[in-house]
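When the chains are written out, they are named A, B, C and D in that same order, and each has its own residue count from 1.
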Amino acid sequence: MINELMIIIFTPLITGVIAWLLDIKGLREGISILGAAVPLAYLIQAHQTLTSQPSIQYSIVISGFKFEFLLYHLSWIFAMIAGVVGFAAVLGMASTTKDSYEWLFALMSLTGVYGIFLADDLISFFIFWEIMTFGSFMMVLKYNRKASLKYFLLSVLGAYSMLLAIGILYAKVGALDFTTIQQTLYQDAMRGVLGTNTLLSRNDMLLIFGLFLIAFGVKAGMFPLHVWAPDAYSETNQSYTAMFSGVLSKAGVYGMLVIYILLGTRLMYQFGRIGAAPKFGYVIAFLGGITIIVGGLLAALQEDIRKLFAYSSISQVGYILVGIGVGSALSIEAAIYHAISHALFKGLFFLIVATIVLRTGKTEFKDMGGLAEKMPITFAMTFVAILSLAGIPPLVGFASKWLLFEAVIHENMPILGGMIFFGSAIGFVYLIRFTYAVWFGQRPTDLDDTKDTPIPLAIAMGILALLNVVFGIAPGLVATELNKIFGKEIIKGTIWELNIGFGRYNGLLITIWLVTGIVIAGIIYFLGAKVRRVPVTDTYQGGNPVTMEYNLTIRRNFFLPLKETLAFWLRISFDRLYQDIGRWVEDLAETLRNYIYNGNVQAYAWYLAIILLILALWGV
Amino acid sequence: MSQYASLLIALPLISAFFVPIIKAIGKKVVMPFLVLITAIQMGMATWVFNEVYTTGKPIIIMAGGFRPPVGINLYIGHFAALFVLIIAVASFFMAIFSMKAITVEPKDKYAMLSLLLMLGATGMISTGDIFNLFVFMEITAISAYALTAYNKSGEASEAAMKYIVLGGIGSSFFLVGIALIYGSLGTLNMAQIAQLAGQMNPTVAQAALAMLVFGLGVEAELFPLNAWAPDAYQAAPHPVTAMFSAFVVKAGLYALARILYLTHAVGSWGHILRLLIILGTLTVVIGEFSALRQTNVKRMFAYSSISQVGFIAVGFALGTQAGVSASIFHMVNHAIVKALMFMAVGYVALELGGVTLEDFKGLGKVMPLTAFAITVGAISIIGIPLFNVFWSKIQLILAAMKAGKSGVIALILGASLVEAVYYIRLIHLMWFEEGSRERTRIKENFVFGTIMLLLVALIIIIGVAPNMTWNIVQKASADIYNVAQYIKNVPLLPGVSP
Amino acid sequence: MVDWRLFEPLFEFARKRSLWIVSFCTGCGGIEMPPLMTSRYDLERFGMMANPAPRMADLFLITGYVTPKTLKRIIITYELQPDPKYVMAHGSCPLNGGVYWDSYNAIKHLDKYIPVDVVIAGCMPRPEAVMDGINKIMEMIENGTADSWKRYKENYEWYKKNQDELFGEGWREREARRWIPWLMDKKEE
Amino acid sequence: MITSMIGIALKAFLILLYATFVGFMFMGIIRIVTARIHRRVGPPIYQPILDTIKLLSKKSNITHGLIYDFGVLYALGATILALMFIPLGSISILRAYGDLILITFLLEIPMLGIMFAAMSSGNPWAGLGSQRALLTLLAVQVPLGFAIVALAEFYDTFSTYQIVMAQQTAGWSITYLPLLLAAVAYDIVLQAMFGKEPFDIMIAPGEISLGPMVEFGGKHMGILQIQHAIALFAETLFFSNIFLGGAVVTAFASSILNTLASLGILLIKQLAVLLIAIFIGAIFPRFTIDQAARFYWKWPTIIAAAGAILAAL
């Protein structure tokens, strides 16, 4: 019997390969969508199973390794993120993909993500991590070598760091499955508390933690390892980016949770706490906080839609990291909640960007404007997405952000609190810039015959937009699932209400009163005189007459004052630093080669002599 | 029955000397003859492989019926059976490839030399006598020198010259090492050396081992004894390069590992392991770095091949069974991948007349199948899951970590990052960049395409389902690692001691 | 819809007591505005407020001479204002050309181009005179005679004809285009 | 059930009416006090009401599309929503849900509606004004955030109502050093939230023609006037509640008297907050946007962060 976990994990890959081999237009899309839908269906079904039993397990031995897979509440939630957003992204790709190459690798990365979420031992975790990286890398490679190389190098750096950490753990613990490692390290911590010698030294723990942090930080886009994300997210099929940013970055987040699961107790024992948060978590949280700010500010200064959202993605993942770093049960739940909402709204955003790019063929703000009239459906979706990302009640973005704020601030983290506040404001800032430059204002004449979204994309966006609204109005739906992770009621309240003791949020109530407020405003509005629709040229420009030929909308350098204010900080760039290092390494390599393999046989003979000398002196 | 296995040595040897006669029959028959012989060899190797792995017992062939240590014996254990097969298969594929790839006359010399190369490598792997090992090594080396120079270009002669100088120095020291061992133990039989290794005078043992390692280091391309390799790889005819990478260097590595583990009772064993690890790591790092800015793709692959060899050496030098297993696994995978890639590069060179990066631009449109093969090979070498090299790499890394060599692994992984860079550049170049020259699509040779696809399929099959290969490899590694078993397997003449 | 006629007196009162001014200060009349707004005369007593945006303004104040070039802006700004809107011409120049009576390049009669409710003569009218004018327009609003916006609508053809006679047909488009090359140059710098 | 709902609706209506009225009065007071500082007479206190009536009774209105209308409605709706959550004595309807973070967000989002509407007009001034408004928002967000953090950490609750109740027994927030610092920072932030000098660069009347407001006229502007009034009321009320002790009078036997007394006390506190803002606004010139950002990211942030850290200790 084939286990359902295997079906969940491998269906996308298999369908991807089939779609790639068949390469018949229409058929490949259908197969691929099926490939994304089947795991989702199985996951939804698994929800039933998980109510009666704590987890679903599967294990297999390959190449001397025992691969274990486990579906329990935490992984179910993450897998559902992958399922829903992945499905939507695949639907979107049905409209935007032109060849089967993309299907293969997009679905391969989906398989990778499922594998990561369901893996219950480090080796399968690593393997699927690599599969995911590879799949997404190939998606970028097609569009841009430099971006993909940057992505791949940093990812592989992360992956190798993880491998080293896994290796150290394996060397010390002698096992690779989560359960054993967790128990061993827990016992190790207990040994430490009792004062006996521990299995792993302080330096070991520091090393393992650091390596894992690099590994997961890269994928999550954590500062200062975020530099790949803006390029990689933007230089690929934008429908795929919905998955890339919405789901793949969650693998990094999930990895951070894995740190907690595996090493939490041991690290806590080793390094203690700052205030209420574990010290190691504080590192994550603080880097997350910086990520929010850096990502947000850079997002506001971008001139390319795709880049804006790429940076925005980085910024939003920063929130999640803050939540995870703070490390209380509530904050972790909040972080996961935000992971869900981030996947939903950012997936939606990238599908919107995909639509725009598909229909206009342009990506820069300077070529856009006034599309709201031409693409009303897309704009409606954008509206939902914007409200959600900006954290406007009653959408899901607010519910999760609210939870996160409360969780972080409640743990007495003033500086982090300030950082996340700043982050929410910067969210407004770059969203409005996007809205203004793309949807409003004067429309360049070459966009006059822009069509609205194709149907698969519309369905995909519709799914995500609906979930954005539903999970915002009824946050309890998510909270019940989150509570199952810890097995106790951390977030109380009803389906409409989140109640965490020191704060309450009721999505339904807010919706009702917001509607009431708007109705009141509407009454006043409709009592007034009739309105007349005027064109965009009929605006006040200091009395000057205007025509459509001249651009009235500020499309470039919209936040110039911000740039000026931040001029000092903007000179510091980690991207450049890495590039310099890369160039330096290449030069070194070249010099090295020229010196060593210089083509001179006398020199080569000398090498032999030297080695012989070393052999003699060493005394082997 | 199992005595027929000696034909593995005899057949290429005899047929090599038949080549002039064949030539007399007809010039055109020479290459088909080569293919035929390698095919027969492959058949035999398959049979031997099957025999060894089904019975689980090594095939011991005593030359002239004299039992060792008096007579020379061949020992075709699990490892040898596996590698004899690989050698035969690689030779067979390359023989087919050389039908088109070898254009320079005299082809009969080529056929002869490549048969001798195969013979030498097979002999190195299957011999049970250390002096015999030296002889086979010399056969391999000398035919390799000649084959390197086969293209008769200045570049080729220079490369061959370098190879001869360095190889010559290496083998002379190897011989000195053997002499020392013989002087100390009075035996040349490997099993007996293993038996008696503990009794050796430590100083002599040290010196002898140093010489042996030094000598084999040249063949096994350890840094900095590998200086000949890039030139030779680049200058040699394409099938020869593939053979170098696929089995010649592997034979050297095998010899290194075999001697190393046979003498593990020697007091200074730990030292030599440490030295080997250092050399292996340096090989990896320097090899990868050298490949980084290479514009000649063949040379780039050569450097890459060198660094992979360093990887294997590190695995052997860990001194644990896990390390040996991983190394052998890596050897198998590397042989497959590099055979594929050198063949593909050679094919590109044949069709397009050059192997610089410029020639590779837009290859995906000109020669899609070849480009695909190179891509799969490159991806595999980078170490992506679902491709074969991943498994051996991760096994090796975990083995090294288990042995407490995290620093070394960190260095090696760092070097692997560099590897990713140049392979990705190549892949992007092939598929997504337009060449400066207008080129039409070339109709690819059906046979070569089939061979390449076969190898690609092998890469992916091992990548997706590595279990079978892994089991084979584990048995092979036990063959090398478990010296006690080895001694027991060889029917030493009782009572004969030095 | 609700019949709002019942509330019309309230509305008229509000309109009268809440005149937001958009002022066109090209001429020397502009200098008379600060004393009006500041502590000496303090127009805000009457709920008047200077307002830079014509969309929410009620009273259009033309303070001084009008040239063809400025007239174009005046017309455009006037048309941007929502009804009901009022125009007050300030000083002799808009009334009859004033000292520029024989200038080749000044508009002598503003009310040929847009309707004017109140004209304040004088060169310049002192703030008291302006306040008198404002008082006048307030009265007119109260008794419903400040109906220039209605007149503009009713006699739009005539105003249009006068404007076109002065500037030529399609002057708005032309005027707008005139600036494009200049703006484009600016962009490239 | 029905009766209680009607009761709630009635109460909400009354609160709304009261807030609107007081808000308009506040707007009038701003104008009068500013005038007096300028040594002018100033308009009557009911002037903003007249303005609003005038704007609403305009006979022609323009629109730039659906978002233009919706943004305005959304702004007012969200302001009403925010109002409902802020404790007003003991009579606020949703005070149980009056969460600090929620209210802080709700007080900001009307601006988002206005921005939407303004930008959809396509007027460059509106774009520029929105940009400035957003950057001001960004600038104030840091000290604002720290101030809120300080409060939440000091009282260990996010419920505004509970904070008010705590102040009834323990004294006003500003009597504690951390919260005093927070209050100072918040008050500076309030200056920008009111759109008063020196942080009114976003509307800069002479320079960019009221910025975001440039295209609003007629009933849109009228609705925004109402929104402004309610927002003014809500913001001052929020400040009075969290820093100045709020007001929950229980001295009288009659609940109506209690309510009236509470409202009275609150009104005085709100006026105090408002007057500070007016005084500062009347005597300062305008900061450019980068100056404003640098200012906010320096002193108020330091003050508020100090408050937050002290509160956390």
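The criterion applied here is as follows: a contact is a pair of C-beta atoms (placed from the backbone, for glycine too) under 8 Å apart; a residue touches a chain by one contact, two chains touch by 3 or more.
Since the model is a prediction, treat every value here as computed from it, not as a measurement.
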- Query: If you count the C-beta pairs in contact for each pair of chains, which pair comes out on top?
  - Reply: A-D
- Query: Greatest Cα-centroid separation from subunit D: which chain?
  - Reply: B
- Query: Between subunit C and subunit D, what is the gap in Å from one C-alpha centre to the other?
  - Reply: 35
- Query: What is the distance in Å between the mean C-alpha positions of subunit B and subunit C?
  - Reply: 94
- Note on the structure: Whole-Å distance, C-alpha centre of subunit A to that of subunit C, is 57
- Would you mind listing the residues of subunit D that make contact with two or more other chains? 57-62, 209, 214-215, 218
- Item | subunit B residues counted as touching two or more neighbouring chains | none
- Message: Among all residues of subunit A, which ones touch two or more of the remaining chains?
- Response: 527, 538-540, 542
- Note on the structure: Checked against the stated definition, the touching pairs are A-B, A-C, A-D, C-D
- Task: Name, in rising order, each residue of subunit C that touches subunit D in their complex.
- Result: 4, 7, 10-11, 13-15, 17-18, 20, 38-39, 42, 44-47, 50-58, 81-84
- Provide the residue numbers of subunit D that touch subunit A in the complex, in ascending order. 12, 16, 56-65, 67, 69, 72-81, 84, 94, 96-97, 99-102, 105-106, 108-109, 112, 115-116, 119-125, 127-128, 130-132, 134-135, 137-138, 140-142, 144-146, 148-150, 152-153, 156-159, 209, 214-215, 218-219, 222-223, 226-227, 288-290, 293-294, 301, 304-305, 308-309, 311-312
- Query: If you look only at subunit D, which of its residues touch subunit C in the complex?
  - Reply: 31, 35, 38-44, 47, 50-51, 53-55, 57-62, 205-206, 209-210, 213-218, 221
- For the complex, which residues does subunit A have touching subunit B? 61-64, 123, 126-128, 130-131, 134, 141-142, 145, 148-149, 152-153, 156-157, 160, 163-164, 166-168, 170-171, 585-586, 588-590, 592-593, 596-597, 599, 601, 603-605, 607-608, 610-612, 614-616, 618-620
- Item | Of all residues in subunit C, those that touch subunit A in their complex | 1-2, 53-55, 72-74, 76-77, 80, 172-173, 175-177, 179-180, 183
